[in-house]
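Each structure below is given as structure tokens.
Two complexes, one shared chain (chain A), two partners (chain B, chain C).
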Partner chain A sequence: MLDKHAKLERNALAFVFAIIFVASIGGIVEIAPLFTIDETVEEVEDMRVYTPLEVAGRNIYIREGCYACHSQMIRTLQDEVERYGPYSLAVESQYDHPMLWGSKRTGPDLARLGEKYSDAWHVAHLINPRDVVPSSVMPSYAWLQRNSLKYEDMDLHLAALRRVGVPYTDEMIESAAHDTYGQAKPDSERADAFMERYGEDSNVRAFDGDPGHLTEMDALVAYLQILGRLTDVAHQQASNSTGGE
Partner chain B sequence: MISQLTRDERALAMVLCVLLTLFGATLGLVGRDDVLGWHGALLALSGMVLLIVIMSKIYDPDPNPDRVTKYYDDPTKVGVIVSMMWLVFATFVGDWVAWLLVYPEATFDAGWSSFGRLRPVHTTGVIFGFGGNALIATSFHVLQRTSRARLAGNLSPWIVVIGFNLFCLLAVTGYMFGITASKEYAEPEWYADLFLVVIWVVYFVLYLRTLARRQEPHIYVANWYFLAFILVVAILHIINNLAVPVSLGHAKSYSLFSGVQDAMTQWWYGHNAVAFFLTAGFLGMLYYYLPRRAGRPIFSYRMSIISFWGITFLYMWAGSHHLHYTALPHWVQNLGMTFSIVLVVPSWASAGNALLTLNGAWEKVRDDATLRFMFVAAVFYGLSTFEGSFMAIRPVNSLSHYTDWTVGHVHAGALGWVAMITFGAFYTLVPMLWNKERMYSSRLIEAHFWLALAGTVIYVFSMWNSGIVQGLMWRAYAENGTLAYSFIDSVDAMRPYYFARAVGGFLFFLGGVIGLYNIWMTTRMPAVEKPPVYDLPPVVAAEPAE
Partner chain C sequence: MSKPERDPYTGLMTTGHEWNGIKELMTPIPGPVKFFLALTILSAVLLWILYPTWPYGPGYTKGVLGVDQRTLVENNLTKSAALRSVWEDRFTSAEMSALEADDDAMTFVRSHGARLFEDNCSACHGLDAAGGPGFPSLTDDQWLWGGDAETILETLRVGINAPHDETRYAEMLAFGDQGMLNSEERRTLTDYVISLSRPDELTKEQKELLPAGAELFDANCSSCHGEDGGGSHDVGAPNLTDDFWIYGGDAASIAATLRHGRIGVMPYWEDRLSEADLRLLSLYVRDLRPNQQ
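What follows is the complex of A and B.
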């Protein structure tokens, strides 16, 4: 074996190909099947897409690096399920480009945060976390309430998401900017049009408490309120299994 | 430095600067309504500054044609200094974010200064800025000495060094503007990623062409590692960053993959960024500078071979240990765990090989802080790989995952291994590069050593404690069968550890400042009459070796 290796060491190109070959095997065996094996991601009927306002909010979550301190992946461990709710299923992040499972919990998991607190709580918390949780070490994000949301180009965002596989319709893409605005302005024509496209159960509220001004706070809170609520399948599965016992 | 380029090369460099300026201007123009515009402007400005610098020297005489009989070390010199500057900057930011977890109010009411944006500035700054520059600089040096050949290009090493630093600059300024793809250690957006691909191809071609000129029949071990580092990082980088930009005028893109597949691709990347950036490249450093400094040959050639191929093969399977108990299919989790455990064998073979090389030179380790840096690095390498394999076991990971234990492990590897081996290598390399007999001050090396070691130990111990306390609190049950602690209870419990970590980090940072000062002063030491001769000169061959 040592002799063979001594030969390999004399040939740079052969060495390069040997490295590529040896290093590729692991990834090919582990990753490629994830795209082809059907069981990897559950199929569910009620899985819905993010609305444009929620997409904008998700992008703010990414921009501010919230994922550095908060996971969105409840593991299949008893204490986690009791603390945060049913464990996360693959399908729940099916439309997450990229996923935000996270790797560190400086703060709690957020996978099932949606509707756990009121909008007003979130706004207060984001402006100054220590106003509502005195010993929190989370940064304050007061500027979100001051910054207007940039939403004119949301159609481009939805189109890009469709290109990577999220099933937005042409109509959703065309009216993305209007829908972004409409979701945060209840009782307006745009809000009605928004609900027609995304369903009556979608949240239509002035998330930051001020319907007159569409802010980054609106978008982020809208996103936080939908976490874990794109499909009900995790809860169903959880109640089925406890019901069966 | 520019005077080492011929006039033709200078002209070509100017063309490249113009291209860079045009590229930046185009990005700036199409992205003028977006944060992308700022980055376009930054690139255009860099292109122009470089252009002016070269233009001011365009009429200098051509370099002495005997330059081909010498090694080309200017790019390495720049790389070493820039690497230390990144270290100082990025550990400063690291310590700042560490303090932010103690005093969250210690910030400005502005996005750029908040924890979530500064944390990737720290990680990118240390890994790519400090680590990347150190790897590029030392790889050029090692490659030439072990091949007895001059670099196969005069301009291309500069493209690599300058281009790579522009990439780092785009990355860290981007996070502060709010530009991030959010994938850990792969946060830069699509245009910066593409830019890096170009730089990396230049690096790879330069490496291979220089190897082709080598006068030694065998490729030395250190170069195997540098090659693996260059190649595998390219594969990982391209696949993990596949994305569709919102438009050519937007910095933002959406990752091609989603959910589980994205998670697996990301951690296949993430773990192997550890393996091929933070491990393979630095092992390359170890395999050259440690034997040189110790004045002893590597203990075992056979062990080098086993550990090299073991690491190259096994690491690529291990990424899924970042996803235990998640929605990732079980079979992938189990594969990841199994391979991670086996991984301890080649890892310890490397660490053992290094320590056994030192066996018989212990009095040098005792007296020479430079060699001691490398000794401690090998110990921490053994420690953090053992710890990593242990943490990859599912039940252990159920406790450690999401906690500060991971952060402790990271920094045992990053401070104890990556940074220490680099300091040892630099203190060996710097006098050679600038033709000095020794470093400016050996007492400052000694001071740096103790600050770095104390900082690392304090950091790692406090994070082990906080991580395990956190993990145990999260899973503790009260007698009545409910969870014993709320989440915020565990946050309160972290305070003393976060404080200690920030203090340890400060010591480490201080050591880095001293290191930079010492290196800088060495470069300014007066020349001696008879400069020491460190290396045999390159063999100038009419024909390449292959």
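What follows is the complex of A and C.
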């Protein structure tokens, strides 16, 4: 066998192909089957899409690099499940493009942050984290409260997401800008139209406490409040397996 | 390029390469390395049999041990739940009042509850539970919805203005923004509200308007805050006659509250914490206030 190896080493092109083949075995075995194995991504009925305001908030989350210090992935480890809640399922990131699982936790995991704290807390915390958590090392993001949200082009963002598989309807894309505005302005006509499209259970609130001004704070808080709440499946699975604890 | 030849000093073959008279020995792989390489390959085969490994189209080999990350973590959770039940059962079965009177139980509440509080409540209410602007202090004896352990438990369970079906609901109306009171009326009313707790702060001119303020209060505020401004636990309306203020008791803060309204949110914890933890936390919070009952 060693003789054959000597022969291979002397044939440059064959050697290159041999290296590519061997190096790709890991990828072929670990990645390719994920597209064919049925149980990779759970099928759930109650999975909902991000609203345009939440998409805008997600873009801010990416822009400010929140993922560098916060993960969004609760692993199948006892201490994580006991601290953060049911472990993350693949389907919960189904509409995440790109996914924001992260791998570093300077701050806590955010996968189940939605509705854990009030909007007012998030606003106070983002303006100056030390006002509410004295020991925090998180930077201040006070400008989010001052910056008006750029929402006129939200239809393009939604259209791009639809191209990679998020089931937005034509109507949702067409009225994306109006819906972005409506979700942060309760009791307005646009809020009613928004709820008709995205469901009565969607959060319609003045997230930053000021319904008169649509800010980046509105968008980011709206996004943070939906984390882990796009579907109930993780909670159902947890209560089925541990007998309703 | 020369032909492989036997090296006269070591007795090994050369590779056949030669650079300016330097030749390379074809040294065979040392025995121990070969041994461990074989061992690695062998253990890989063993792991293929024991653990989930090879994919085939719609599925994958599950391995004879049937190991699965999710089952593992669920078993661990069940095990730790069983360990916890030693002390948890006492908190889920006994009456709250009985637990409060039980010194042994309360010692446990004080140590374990502190950690639960730090993890879940301190973000808003502060590590010392003294609250802050917009977040009520839990260390005094003033409560919006009532301060006995059972009531605190219910508040923890369903939250206030939270996305829970049975949540407690309370809203201070935006009397200014919604055009119910004009700015002059709001100013008179602000002074009246100040007079309920700190009448000495008002000037003579302000005092002269108090009867008008009382009339406005009676018409707009008394249905929730009560005729005397004492508040109501039934609707979560704060007492306006004491020195406890969530959003500030100075004239500017009261004026802002009157103008823009307030909808304070307390998250609900029913889905996040177990029944035992909720009850333990209620007892802990109840225990925070000064001992003067």
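Everything below uses one rule, namely that the second predicted complex is superposed on the first by the 225 of 245 C-alpha atoms of A that agree within 3 Å, B and C clash if a C-alpha of one lies under 4 Å from a C-alpha of the other, contacts with A are read in each partner's own complex, and residues count from 1 in each chain.
Just so it is clear, contacts are C-beta pairs under 8 Å (C-beta built on N, C-alpha and C of every residue); 3 or more make two chains touch, one makes a residue touch a chain.
Note that this is a predicted model, so its numbers are computed, not measured.
Visitor: Given the superposition on chain A, are chain B and chain C in a clash or a fit?
Guide: The answer is fit.
Visitor: Check the residue A:V132 against both partner chains and state whether it touches chain B (first), chain C (second), both, or neither.
Guide: The second partner, chain C, only.
Visitor: May I ask you to decide whether A:I37 touches chain B, chain C, both, or neither, giving the answer as first, second, both or neither?
Guide: both
Visitor: After lining up the shared chain so the two structures overlap, which partner does A:S118 touch, if you call chain B first and chain C second: first, second, both or neither?
Guide: After superposing on A, A:S118 lies in contact with chain C but is clear of chain B.
Visitor: Between the C-alpha centres of chain B and chain C, what angle is subtended at chain A's, in steps of 10°?
Guide: Once the structures are overlaid on A, chain A sees chain B and chain C at 110 degrees.
Visitor: Between chain B and chain C, point out the one touching more chain A residues.
Guide: B
Visitor: Between chain B (first) and chain C (second), which does A:A23 come into contact with in this model arrangement: first, second, both, or neither?
Guide: First partner only.
Visitor: Tell me which partner A:A90 touches in the superposition: chain B (first), chain C (second), both or neither.
Guide: The answer is first: A:A90 touches chain B but not chain C.
Visitor: Does chain B (first) or chain C (second) touch A:C66, or do both, or does neither?
Guide: After superposition on chain A, A:C66 lies in contact with chain B alone.
Visitor: Go through the superposed model and pick first if A:V81 touches only chain B, second if only chain C, both, or neither.
Guide: Touch partner of A:V81: chain C, not chain B.
Visitor: Closest Cα approach between chain B and chain C after superposing, in Å?
Guide: Superposed model gives a least chain B-chain C C-alpha distance of 5 Å.
Visitor: Please write out, lowest number first, the residues of chain A touched by both chain B and chain C across the two complexes.
Guide: In the superposed arrangement, which is not itself an observed complex, chain A uses residues 6, 29, 37, 76-77, 82-83, 87, 133 for both chain B and chain C.
Visitor: Can you name the residues of chain A that touch chain B in the complex?
Guide: Contacts found on chain A: 2, 5-6, 9-13, 15-16, 19-20, 22-27, 29-31, 34-35, 37, 39-41, 59, 62-69, 71, 73, 75-77, 79-80, 82-83, 87-109, 129-130, 133, 135-143, 153, 156-157, 160-161, 163-166.
Visitor: Name, in rising order, each residue of chain A that touches chain C in their complex.
Guide: Checking each residue of chain A against chain C gives 6, 29, 32-33, 36-38, 76-78, 81-83, 85, 87, 115-121, 124-125, 131-134, 203, 235, 241-242, 245.
Visitor: Mind listing the chain B positions that touch chain A in their complex?
Guide: Counting only chain B, the residues touching chain A are 100-102, 104-105, 107, 109-111, 114-117, 119-120, 175, 178-184, 208, 211-212, 217-219, 224, 227-228, 231-232, 235, 239, 243-247, 250, 252-266, 268, 301-302, 305, 309, 312-320, 322-329, 332, 335-336, 339, 398, 401-403, 406-407, 470, 474-475, 477, 482-483, 487-488, 491-492, 494, 498, 546.
Visitor: Which stretch or stretches of chain C touch chain A in the complex?
Guide: So the residues of chain C touching chain A come out as 15, 54-60, 69-70, 72-74, 76-78, 80-81, 119, 122-124, 126-127, 132-135, 162-163, 264-268, 271-272, 274.
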